[in-house]
Amino acid sequence: MNGSSEGDVVVPGDVVRLTGVKGKVVLGPGLARTGEGVHATKCGVLRKGGNNIFYVDSRQKKYVPAKGECVLGVVTNARGDMFKVDIGSSDEASVSYLAFENATKKNRPLVNVGDVLFGRLLVASKDMEPELVCVDSHGKKGRLGVLPDGGFLFTCSLNLVRKLLRPECPLLEALGKQLAFELVVGLNGRVWLRTGSVRETLLVADAVLAYQHLQPHQVQHAVDQLIYQLSSS
Amino acid sequence: MPRPLLHSLLSLILNQLTRVLHAVCSVYKQNFLAMNSNSSNGTHSDDKEECSVRPILCELGVITRPDGSAILTQGHTVVMSAVYGPSEVRMQRLQVDRAYVETVFRPKAGVPNTSDRLRETIIRDTCETAMIATLYPRTTISVILQEMEDSGGLLACSINASCLALMDSGVSMKFLFAAVTCGVTEDDLIIVDPDADKLKECKASLTFAFDSINKNVIASYTSGTFPVQTYNNGLEKCRQASDFLFDFYRDIVRKYASTL
Amino acid sequence: MSVHIKTIHPMKYMRDFLARNIRPDGRKLSEVRPTAINVGSISTADGSALVKIGNTVVICGIKAELTVPNAENPNEGFVIPNVELPPLCSPQFKSGPPGETAQVSSQFLADILVNSKCVDLQSLCIMPDKLAWVLYCDLICLDHDGSVLDACVAALVSALCTVTLPEVKFDAITKNKTVELEKRRPLTLTCFPFASTFATFDENSILADPSEEEESLCSGTISIVTSGDSLYSVHKPGGCQLSENRLSECISKAQKRSLTLRGMVEKSMESIKS
């Protein structure tokens, strides 16, 4: 057995050959080191990211928290010093009331149960409860924080999220040329969307969900149809 | 909706579904036979016949709510499977170093009995061996199996369906696993993957689950009386047949890989 | 000191022992614990046996009752095994309805009886479609210290050996049953199946007759039921993968052990006769 290399279809137990890399290699999700070699632990396509990161792109719906990832969550408990946020993992994440921009002991951030929060995972370990922050290391919120009212939150599979977040995503490019919308994508399989009207929101959400099963060349056609539906109403 | 009505409705839908699947099955079988004849040049034609499994069909992600699901038909045996997790765990089931794996096997009609319990433990232990449960401490992973139709090899089909659902769920695994049943006739001949009619004529049946790396035995379940030599022969035949299942798994992944 | 290592690193503790081909209790890897079989220990039962394997103790009592045969098999009687794992035997069991382990063990015994056909069910029939014996075999585990299935099978088989059934006269017209308690005939077994459990540790060590402690540390068990030549069950519910050679090794060991156990049963049968 020669082992699989980048772009190959792998199943758990396959030996993976990391080719064309010098220096340190980072094993991402779906890969594990066993003794001498590297094995796949998930079914999917072996991919290589920047900085020699190798991972397996696989079908998955359940989110397992990983440090540094930006996720969308719904606040379930906003009492006390720690807010509880449901991010779709087995444990609820917690977020301190001080982890917001300009928050001090006197100046508590305005967070209510049911709010949608976009945060970065500060702590994510299999043995600990995940912890979110809504500021970067300079105390600036950037794009993180409580999302405004009027948005629509829906869930999708994790590989669709990765597909949406690729540097050039044909769907978002094509949609962006025709419509104005705000889209927040959490790596935990949640998407937040806001457009001008309810109808537009639902159509865009449908398009995003359908993107899961689309090949790149089918995207333009799907978007054209969507615009046609919108204009015909 | 009352329960009996739901059952009858479900079985009605399933009958239709299996009928459609069988139409596709026959096409698949032809492909499979063609494939088999390509690969087994050196063997006797009789051997080839014995080592082939019934036509297989499968669809991943058939139900939307679970984190992974699959429906698998092997011949006329149909099993639907679902995986939830890793999700929250009940306090009494909590394990600090690994995930708690639970299996629920639902028969086609009636409530589960003790032989279903035995089946559950075999499926659970097999899944637990293949999963890397230590990656998900303090969580539960539930594997749920629903028998749709049993026409021989139900345990093997259930084990394979659970593997497919786990593949769909993205739970990390050390290897894939596949189970094959074989029947032992009165003259100690082996029939690989027999259907219900052939199984009735057999004096014993052996079911083995293999891992995808070394094709070693993960699970073994037998019924009936048989000599040691026959057991070893059956094991070898089933192991050869498991190759087909592993190829089948890989083909499924290849099919959906283009949309990833 | 070793007690501390055992609590902190149970796996390493075990591994260190196995690396020197010895187990924490001083046995060799393939050595079984001392076994004792006592038959006819319950005088009020129609058949009984007590089996001790190491610390594991299982007692089996058999009660014979008269019943109507099943319409599907009108000339067959019944043997119904039931395993009870009371909270007494181990902290892992709670009182209440039988748990998963107990149910699975009962089913396993029932499967063995069907597979091996060791009791000729037709011999339990008195009058086809009218009257037959049903043998209720109650197995109670008194001490749960590993390899309970082995002890259960041995207890069941040796208890079945001691069963004597009184002669019954049945009048098909008047439906009168007369049981002659004095005239008893023994039940004959066609074969003597015995189970041997092995535990797999770290893929390359196989421990015969594991204790509870070893079972909990090991990654899986395999139970082989045989009467010496024929196999009645090779039950391996998952766990560590085994190669074919290892499997054959286990089978041949199980075959040897079943012959030893059979000898023990025969010896204790003679002792009650004399």
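Couple of notes before you dig in:
For clarity, chains are labelled A, B and C in written order, and residue numbers in each chain start from 1.
Note that in this section a residue touches a chain if its C-beta (ideal position, glycine included) is under 8 Å from a C-beta of that chain, and two chains touch if they have at least 3 such contacts.
Heads up on the chains, UniProt names are A = Exosome complex component RRP40; C = Ribosomal RNA-processing protein 43.
Keep in mind the model is a prediction, meaning the values are calculated, not measured.
The fewest steps needed to get from chain A to chain B, moving only between touching chains, is 1. Farthest from chain C, judged by the mean position of CA atoms in each chain, is A.
Central chain (C-alpha centroid nearest the global protein C-alpha centroid): B.
Between chain A and chain B, the centres computed from C-alpha atoms are 33 Å apart. Centre-to-centre separation of chain B and chain C, using mean CA positions: 29 Å. Computed from the mean C-alpha positions, the centre of chain A lies at a distance of 54 Å from the centre of chain C. Shown for chain B are the residues in touch with two or more other chains, namely 211. Chain contact summary for the complex, chain A toward chain B: residues 9-13, 30, 32, 39, 41-45, 57-62, 64, 90-91, 126-127, 158-159, 163, 212-215.
For chain B in complex with chain C, the residues that touch the partner chain are 114-115, 117-118, 120-122, 124-129, 204, 206, 209, 211, 214, 216-228, 231-232, 235-236. On chain B, the positions that touch chain A within their shared complex are 60-61, 67-68, 85-89, 130, 132, 135-139, 167-170, 172-176, 211-213, 249-250, 253-254, 256-260.
On the chain C side of its complex with chain B, the touching residues are 100, 103-104, 106-108, 110-111, 114-117, 219-220, 222, 229-244, 247-248, 251, 255.
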